[in-house]
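Listed after this line are the structures, all set down as structure tokens.
Shared between the two complexes below is chain A, which pairs with chain B and chain C, respectively.
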Partner chain A sequence: MQLDNSSTNIAASLALATCTLLGSTPALANESVDNEWRFDTAILYYGETDRVSLVEGVISATKDFGDDHIFNGKLTYDGLTGASATGAVPQDTVQTFSRPSGHGGYAVAAGELPLDDTFRDSRVQLNAQWTQPLGDNLRGSAGVHASKEYDYLSLGMNGSLAQDFDQKNTTLSLGLSYQFDQIDPVGGTPERLGIMPIPTYIGDDYDDDHDDDYDDDHDDDHDNAYPDRNGTQNKDTVDVLLGLTQIINRRTIMQLNYGVSVSDGYLNDPYKLVSVVNDLGQTQQTLFESRPDQRTKHNVYWQTKYAMDSGVFDISYRYATDDWDITSHTLESRLRFNITDNSYLQPHIRIYQQTAAEFYQPFILDDSPLPTFASADYRLGEMDAYTVGLKYGQQLDNGDAWAVRMEYYQQNPKNAGFDEPGQLADLDLYPSVKAMMVQFNYQF
Partner chain B sequence: MSSTLTREINIEQRQDHLCGYFQAMASPCEVLIDIAESSDISPRHSLWDEAYKLVSAIAEEAWRIEDKYSRYRDDNIIYEINHARGRRVEIDSETFELLNLANTCYELSQGRFDITSGILGKVWQFDGSDNLPSQSVIDACLACIGWHHVTLNEKYIHLLPGFALDLGGIGKEYAVDKCIQIARQQLPDFSVLINFGGDISVTQPRKTLPYWQVGIEHPNPEEQTQMMVKIAQGGLATSGDAKRYLLKDGVRYGHVLSPHTGYPVMDAPRSVTVAGENCTQAGLLATLALLQGAGAESFLKDQKITHWCLR
Partner chain C sequence: MKKINKLLCIGLLASQAIGCASLGVQPWERDLLAKEEMALNAEGVDLGLDDHIYFSKEATSGGRAFAGGGCGCN
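And then the complex of A and B:
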């Protein structure tokens, strides 16, 4: 009785097979790999045509301390420059506005939408999150965040519980978060519907002046520019989220969320304006906006993911409504298509639509009584928007991964049924905002 | 099998090495750390600490593998598989890889190496007596043997009712190799020898003497002394047990059983010791050689490996 002809190879075959066994199942070696930090870095450029541009860097670090005890820490830095729409209407003549600091002013050409070009800020945000099992089928997570920009401070904490049922086919989750925001507007907090003062001077030399950082403006002029203005303002926000995740079959997973968010406090944008116009459409005055100091939002979110042989398809819909009368619909879909075992292409489309807030008005007519609340912020007006994008990602042999994403975004504000008196009928009160986004991401 | 009561480790300094020892898998286990070049015997606290850490980690790993794959426990994956009554059982990747190795051995040995054949060991009592099991008992066993009836993939294993696995032929050697990896990681600059009841592996040659000289139980029970073997690097394992046999009508039945006939393989060597790249490979080669019976020596010669064959 002999083994087959290849019997001389048995020692070599066994050497190979045992090396496979010992190489690929190092229970201890695996643990040490799992114990390493995992980093995820991203850099994003977002640029609106003629308006805001943003560069954002993110570094996120995750460590599994074993048995699904996971820590995640994240540092985000945003650098923002450019101009944003103030809410004031364009005119067929040159307009002048004072700077938020109260020091000097700027001119807007005839026919142009007024943009405040002092928009420049940087923001640093820190997040920390801890997640761990609390029982066989129960997981808990808790986190804190802090973010700081020049005139804004945000602090928050969150906690959530997730319970699995039906052999982990169903997961119910409950999340709670609290956020405290403090704004210390440049030049102080303007009075609601207070009249924006006429700038004291406008000159070329001013522009040089404002190219210095906000800091200079602020420290020098905070008190003496608008001595009667209020200082910092606060806002509290509580969010509650109820979620249901259901595995439908081997390839399909569905998620349904309901969320409530209640904000209380200073909800104005201190830099936003509303123009008061006469029946010829000529600006008589420019006022600071006024919003209610409470807002309650509800939203329902549904998502389905379907795993195909060569990729993943997901589609989601969000319905949101609030007591400011803004109702929105978001439809979003991604299709991840695996080109090879370790690279993929992912097209993305998002369609968004919202109605205007009840107090939104593009301008105030000077012969009508002054409302309590008024905002001409285009973000509270009627609009639709869409995003189209494409992402390419690749997994490297060493386990690292990188991805690049490009997206085009267009926002089309709409007239929510306001008559446009006089010259305003000939001016574009609702110009579109177009933006490009490029993100590069590296995981190691 | 070591009860948790006996789970303790000891370390002592010998002439030119530190020796840690403990009990695992029903065997005395040793970890030898070469300190020949650094042996001025003064208390080397850091080295002792390192040695203690290593021996602890090795003992933990050995006990982990024992707990996970011993067939004498009722709380592990082997028990779950052997008591599944025809249901399939989910397995982790380590178990899959071990079973996959058993599958490779089954194929390489044309079915002679079969981890479902452990049931035969229960009906053959190799106590030196003439008590052979009856043919009907052997036939009943053979009905529950045959790796080709097993469905195995990375997620689960499925055994027919009545079938059972026994990883006794792999487990201890596997534990030695897993532990030698820990030694390589923790003390990369030292030569470390691990000896679990005669299954041995060495990380690298020693500094002064190139090899370790260790005594293993002599395969020949007539020899009162241990058999000394020299090993510089790699694995060494012995298969066979000269004390375990039956004698009837002048025929000696060795304890190596054929899963094909249900009877001991005739004319097998009493024991085979093989030096290999690692302990698992050496142990499997020794077992495959025994299963060749009369052809053991020529099989070993064909493999061009260092071996010792005792008839």
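And then the complex of A and C:
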């Protein structure tokens, strides 16, 4: 869903600013390499304490075929390993859970938040985008993307128009995108609020090569542990994005976007669970989660950049709300200090806050009627998060550039007002998630 | 109602900004705005990677770009 662009002159730079609306990659202004391919590469390590770690590589290639007819192609690969929270509550005794495949199970120690450690996958994504002028002050852009991981396929297309006014001081944009997603959950699609079966044994002795859990499950399709389950599920998403970019003065540029996104189809996470507990907080059953099959999101995004004598101040704010009752605020800022003519240091801060989805609940009480929708996924719960980071970048004599950044990200899930019966009051249902990111970029 | 008020405030600020006749620059005054780091989408690879992480760890996405994540991570 990225639109890419490139620029070699002042007018095109403004055009680029507008294309930010559509998620462009950076302008690679370098007049000496006009009409040549420009490559933007990065490798990122993201690691959470005791949970998920991810390595992601990106190669983005941009070429101006003349007169601002620009192609961008991007290849992304990521590999994921580690454990993720299932949504089930901790207990003061050992708990056992079935693996998603239904083959075997795993035990969770007393007092520990249940994490599914079979969470490993790799993903490949391809993006292609073409942008060109359609008139004196009108530009058009169109693109496609495809992303594939073991149990998930995403295909998408997008198109946009940007019209300049007032000597290109003002630009209005309209973008549309459509995305088709298909999920083929390991072990099949569990029934909404269906009961997770009790594992017949603990361990995964069918699988000597732990790294290929899912692949081995796939090979065992003829021996599906859940023969009655449904298979593939689909989701359609349509996005509309309206944007206004305005140059305020010689040092300041501002943009304001409004976006609406409608998703329809299978919006569950088939691997997430909800515990059913009694009034002592003891788990009686574990169910698969159930989310609505429709979601409409709205957001307003404002960004301002200010050119200082020796750097750039960048600040943005996003307000988002949806019909799942989730509201979020995101404030983000980067402050670039030019140390020399060809090197800079850039601190970064991001503050995020969200409210819980209306159907979020950390557990279900066994004496309450079963709700239609319930999810204990902490990502749909009340949460604060912040990121602090620092980036150092340098331009080389040959026109290439490199940069390194380190960031610390912490999520602090909150209790959105749920009483915690019995033993749950003494257990940590909302542990913080702490992550480090290290990234290296090279442009040539 | 609070949501509507916030949206109105943002809309009002924006309309004030657009309505002001003194906004904007002449073509020869774009020296600073033309710098690569002043593009609103500068550091696009970083922004794309961040979008992917936050899309998979938080309940909301989009704003700067389309909200779809293109992955099964959420």
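Keep this in mind: the second predicted complex is superposed on the first by the 397 of 444 C-alpha atoms of A that agree within 3 Å, B and C clash if a C-alpha of one lies under 4 Å from a C-alpha of the other, contacts with A are read in each partner's own complex, and residues count from 1 in each chain.
What we mean here is this: a residue touches a chain if its C-beta (ideal position, glycine included) is under 8 Å from a C-beta of that chain, and two chains touch if they have at least 3 such contacts.
These numbers come from a predicted model, not from an experiment.
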Contacts of A:247 with chain B and chain C, given as first, second, both or neither: second
First (chain B), second (chain C), both or neither touched by A:386: neither
Partner chain in contact with A:354 - chain B first, chain C second, else both or neither: second
Contacts of A:330 with chain B and chain C, given as first, second, both or neither: second
Partner chain(s) touched by A:418 [first = chain B, second = chain C, both, neither]: neither
Touched chain A residues, chain B compared with chain C: C
Shared contact residues on chain A - chain B and chain C: 1-4, 7, 10-11, 13-14, 17-22, 24-29
Contact set on chain B toward chain A in their complex: 57, 61, 64, 93-94, 97-98, 100-101, 104-105, 108-110, 174, 177-178, 181-182, 185, 276-278, 280-281, 284-285, 288, 292-295, 298-299, 302-305
Residues of chain A touching chain B in the complex: 1-4, 7-8, 10-11, 13-15, 17-22, 24-29
Residues of chain A defined as touching chain C within the complex: 1-5, 7, 9-11, 13-14, 16-29, 40-42, 44, 46, 54, 56, 58, 60, 74, 76, 78, 80, 123, 125, 145, 147, 149, 151-152, 154, 156, 158, 166-167, 169-170, 175, 177, 179, 181, 183, 237, 239, 241, 244-251, 253-257, 259, 261, 269, 297, 299-303, 305, 307, 312, 316, 318-322, 324, 326-328, 330, 336, 344, 352, 354, 357, 379-380, 383, 385, 391, 405, 409, 411, 433, 437, 439, 441
Chain A-touching residues of chain C, taken from the complex the two chains share: 3, 6-7, 10, 14, 17-18, 23-27, 29-49, 51-54, 57-74
